[in-house]
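All chains are identified by letter, namely A, B, C, D and E, in their written order; residue positions are counted from 1 within each chain.
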Amino acid sequence: MLLELTNIHAGYNGREILTGTSIRVNLDEIVALIGPNGAGKSTVFKAISGFISPRSGKIVFDGIDITSLETNKRISMGMGYFLQGGAVFNDMSIYENLEMGGANLKKSIFKERVEGALNLFPLLKDKLNKRAGLLSGGERQMLALGMIMLNRPKLLLLDEPSAGLAPRLVKGIMEKIVEISKTYNMAILLVEQKVGEALKIAHRGYLLKNGQVAFEGLPENIKEAISGRLVHA
Amino acid sequence: MQKGLLVIALAIILVFGVITTSIAEEVYKIGAILPLSGDAAQYGEWGKRGISLAVDEINSKGGINGKKIEVVYEDDAAEPKKGVSAVNKLINVDKVKVIIGPIPSTVTLAVAPICEKAKVVIMSSSSSPAITKAGDYIFRNWPSDDFEGSAMANYVIKKKYRNVAILHINNEYGLGVANVFKTEFSKQGGKVLITETYKQGISDMRPQLIKIKKYNPEAIYLVGHAKENGHVVKQARELNIKAQILGTVGIEGPDLINIAGDSAEGLVYTAPAFDPDSHDPTVKAYQQEYMKKFGKKSEIFAATTYDATKIMALMIGKTGYNPDAIKDGLYKLKDYPGVSGKTNFDRNGDVIKSVMFKTVKNKQFVPIKE
Amino acid sequence: MNYLLHILIMISIYTILALSLNLPVGYTGLLSLAQAAFYGIGAYVMTLLMMKMGINFFVCMAIAIVFSAAVSLLVSYPSTRLHGDYFILASLAFQIIIFTILYNWIDLTRGPYGIPGIPRPEILGISFDNLYKFFVLSGGLALGVFLIAKRLYSSPFGLVLKAIREDELSATSIGKDVKKFKILAFAISSGMASVAGALYASYVTYIDPTSFNLDESIFILSIVLVGGSGNLRGPVIGTLLMILLPEGLRFLGIPDSVAPNVRQIIYAMVLILLMRFRPWGLAGEYRFG
Amino acid sequence: MLLQFIVNGIVSGSLIAIMAIGFWFIYRATNLFHIAHGAVYTASAYVFYSLYVSKDISLSIALVLSLISSIIFGLVMYFIVYRPLEKKNASAGIKFISSLAIYIFMVNIIALIFGNETKILSEGLSESLSFGNIILTWIQVYQFLSFLILFILTYSFVQGTKSGRAIRAIGDNPVLFKAIGLNERWVKGMVFAIGSAIAGLASILTGIDVGIDPHIGMLALLNAVVAVIIGGIKKIEGIIIGSLLIGILQNLVIWQFSARWESAVTFFILILVLLYKSGGLFVVKKRVEEI
Amino acid sequence: MGNILRLEGLTKNFDGLKAIDNLDLGVEAGKISAIIGPNGAGKTTLFNLICGYLYPDKGRIIYKERDITLLDPWRRAVSGIGRLFQDIRVFKKITLLENLLVTFNDNSENPFRAIFGRRNGKERKKIETVMKWLNFVGLADKKDHLAENLSWGQQKLLSLARLLCGDFELLLIDEPVSGVNPDMADTILEKIKELKGLGKTIIAVEHNMDAVEAISDYIYFMDSGKITAAGLPEEILNNQKVMDAYIGI
């Protein structure tokens, strides 16, 4: 098992959003996290990555209790966190963005992996010196993903990778996700509003409701569980 | 929580009430309002030294008619608002009838009406001409700006400088003296080429000096304090301005020598007649005592507050602790031999003192012997 | 007793100032460092009218209120476009500019010389020329401002301001002209501050620009921050504490040479601790910012 | 004449610029409006004074020690006061007031220890250089050169090194910065260290010329803040131009009008920039969705 | 009934990115229209243009036969365009009662009237109106609570009540049921349906297809800043092409 959240309670400013969430992610597995807005999907990610510290509960990653570790320690243990909308450093060039992503790598390894990333997202190749703020939504997401991939995380937290993309691009990014997961033996925890797309590529899924897991199972079971009542729980 | 705060507030008010009704001891209480903090803290410190020296001296000789003097110091931070608070406390809580200070004219002007009303005699060390008419009970042991400004104008005429630039601090003191000088000087045929100012606390005077340099004056009249003028003198020499530097007593202070060093040599300034190296026995004794207590030579502000305190003690001794009698006594005072010179008061309560010219020689402030 | 009266008069003047600043700080969420400028404008307009034209104190004060409310546009306009640090900076810049004008427009204000001999107020043959009478006046005006503030805060107007403070966009979405309300809030606030200015001038009978400088603005703001903003209690408690504390320290017997610095150090530490542990002040209800 | 004013303005502008660069480091990375930077400025000059003048330690050692002390001041402020506020998500206003309070605190401690008089860091006249009609002292030349060197160092640091990029990145998007596993605490500590050391440098350079007193920090800080706002926070080149503009402008105001209107003009321009060009005069145009 | 709102050739660019692309739309009075479409399609931008938080680069917005394209946002609100935000935006530090009381736009907000005027019977009338709407959304018993103490769903109800109390005619509702539990969602949807009976016109952005199906009279499908399909619910929801593009199952 790669990641295990046990009975997490967490929230902001005194308001509890997660009320006893338990989630597991196995090695090399794609897990979808489904639920309505406000159910706490993004909060789960923040708890995992350490942006908020849970009031109670336990988070174990790669066999180590990380519940009270700082974000940068957790990330360097082998997590990648793709923020909603594919955040990049707007004021910096694409190459500088990649340099930030690989800031902790040795130079030779960095160069090699940048090559890899650019092969994965060839669109970025000839824009390396362009300011990232000028990229289109899709390109930005690729760059964001590319930055994360430089560190070869064991677990990728993907927060709505399809958000803001034209529908025809969505399929592409989903395929890329599968490709990445397979190529680098990487587990993925995926929050996605386009439930159908998410469940297509996921091995397993969780249905989150009011800060708790309401249902857990294979994609088809989840589909059944929400039977026609898309998104809605 | 809120109730607790209210209780605290009430308690504080109550404490005041108790203090205000506490019984005065068997001493003569004198008040002192000085800028013990803020921009002018240094002047306040000097003033305080003069007062304490005088009080120690009087008390060690048995006080006034057997009663000792006690001084209550209050800080005005050179702010009128705080001065008003301080004077109210001194008059009403400590019940003083006599106050030494304040030093900044703005504070003196703010507290004067209160003292006048309460019939409390106040002896300030302020220079603003406006104080002349501040009231019957308002005295000062420091010459009005009119005095220094016109004295310097006469001196400049005598020295045959015809083209002078003025660089003054942008406050009431700087503006006041500069104006008096300008009027007097022009009246007697001199020409003020340019008048420049600077803000208190500023240290880069180069822009002003460059501007002055263009007019090529024979002399530059500096009105301000030691610190800023230290920068002026130093930077003027660095900019190769060779004009004679003239100043007011404000220029006298360790900061001038600290900052300007050798370049201060030879400047000429006016000052109330106080010569720290005088051979006069009173002054000598004073200097010795001062040196013993504070480890350095007396500043002029210390000398004036020392004299003020002694004069007040003298009056109390003569007429009792009665402000009306003290006031009348002060108007009648004749040629009191103070360490800061022979002292008389005119009918406005302004001190009549001779002005002397001083210069800087070997990093010392010394009178010019003509 | 007179000393106590003096302190009470100072408390009433600063209560007015604190209540006035409470409006922008506690009710629209804008930290302004320009309140002393309006305080000063009030004092100067009143004084100049009274001394140059011989108009009655109360008429002068009314004119001062209108005048400084009009000048407040120069601050309220930025407030509709700037937020956070940037608004604080703009108000600071405004404070410095007004101070510079008061200080250097010598022909009008006598600048650094200050204006001595300001007469005490008079009305219907009653002259407020001793401390008791003056306290009745200043206390009365403070009470008046307090009641006005109270009515304002509990009125629909106050409610709209609170709504703007909570969420500007949302307030716009229900049809509130946010710009207009901010401008009104600042105008009223400046008007109140100029009442305090007029009182101060006629009480001390001498004014000079240094009484209305940036330090004074910081002092007024810290009264509101220490006491708390967003209600009536906070500013009043803040005033009591901030006026009485330094006066109380006069009796503590701290050596004079260190007292002022020690006082400032204590005051700074109180502010730091408050911001950390009780950012809504001792008795306030609004966490500004 | 005009030239002399402009040269003078450039020198005072470069002193403003040094302070502004220090302030910029901190503001860029942490978005903290660090008023207490002015206190660091003052404090390090006093440390230098007590080492170099009072204790007679050699110039270079005293300089290094006092820069180290300013780093310590900055770090202590950040970790004791600001960081807990950041963790509580305190508003800009709260941080602003806390910062002001630290400033008051420090300045009064200094006044308590050293008194209010001016302390002199170097005695005597500085030798002058003349280029035609233009006169400069050697200290002014050093001040300008230090600024140039500092600017070049800063520029290459910010553009060309990992840590420099990190500063821009964290200011750009602090959440992403953390999310890609970079150490936020380390970078913020670093900017406080660098910024504070630069403040120390600025105050010593100024102090050697004109001496120090406990209240020098505020003016230096305000000028720097105005320069940063006018130049725009994003680019270091912008604030350099901003600083030089302020320096020259202040000199020209004195030349054409009078010193008494200097601060009014400076702050009037600040208001104008805030109102009509709040990103600063020299800043790249942004797309709406980037903001 | 005619169109209460008409958009003509509306275009909004964000530096090259076409958020709204030459969009035409007519909204019939007294009906509930739903706008669906993928994230980033420009739905919220469209709402912001209608409310006046953004101004279009091209095109016109006609509300009740009046061109409001460049009108101040608060004036639009006064003239009857109300907005329910996706992220709620109630006034957190004031009570529920005050949250609704503040919606009245009348001269009682004049500060001089506040200071010098008499408090008249109007106040009581207003409170009655407020209580009516608090009752409507079932929050009457919490009228003196601070809004920040409500649950997410209750805050949605409160902001709905705020819209009603403010007497808006055209309600722009952004994701009314996102983030609330099913029971609460049903309540909210029911309340929205009741509004139609009160003569309000509603435009809703919603991702939840059940909700859309339950309430809407008309559905617009929006993609890349354009309306690419429009029709009755059964047409759109059964339009395989639309659903494929949107949901991708």
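Following the convention adopted for this analysis, contacts are C-beta pairs under 8 Å (C-beta built on N, C-alpha and C of every residue); 3 or more make two chains touch, one makes a residue touch a chain.
Bear in mind that the values here come from a model prediction, so they are computed numbers and not experimental data.
If every chain is reduced to the average of its C-alpha atoms, which one ends up farthest from chain D?
Of all the other chains, the one whose centre lies farthest from chain D is E.
In terms of CA centroid distance, which chain is the most far removed from chain A?
B
How many angstrom lie between the CA centroids of chain D and chain E, rounded to a whole number?
49
For chain C versus chain D, what separation do you get between their C-alpha means, in angstrom?
32
Taking the mean of the CA coordinates per chain, how far is chain B from chain D in Å?
From the centre of chain B to the centre of chain D is 37 Å.
Which parts of chain A, given as residue numbers and ranges, touch two or more other chains?
Not one residue of chain A touches more than one other chain, so the list is empty.
Please output the residue numbers of chain D that touch at least 2 other chains, ranges allowed.
Residues 260, 263, 287 of chain D each touch two or more of the other chains.
Please set out, as single numbers or ranges, the residues of chain C touching at least two other chains.
103-104, 261, in rising order.
If we count contacts the way the header does, which residues on chain C are in touch with chain E in the complex?
Touching chain E: residues 148, 151-152, 155-160, 162-163, 165-167, 169-178, 181, 184, 188, 230, 285-286 of chain C.
So in the complex, which bits of chain E are touching chain C?
51, 53, 72-75, 77-78, 82-83, 85, 89-94, 98-99, 101-106, 108-111, 114-115, 162, 166
Quick one: which bits of chain D touch chain A in the complex? Just the residue numbers, please.
89, 162, 165-166, 168-169, 172-173, 175-185, 234, 284, 286-287, 290
Would you tell me which residues of chain D are touching chain C in their complex?
Touching chain C: residues 33, 81, 84-85, 88, 90-98, 100-105, 107-109, 111-112, 225, 229, 260-261, 263-264, 267-268, 270-271, 274-275, 278 of chain D.
So in the complex, which bits of chain A are touching chain D?
Contacts found on chain A: 13, 49, 51, 70-72, 74-76, 79-81, 83, 87-92, 96, 99-101, 103-104, 131, 133-134, 147-148, 151.
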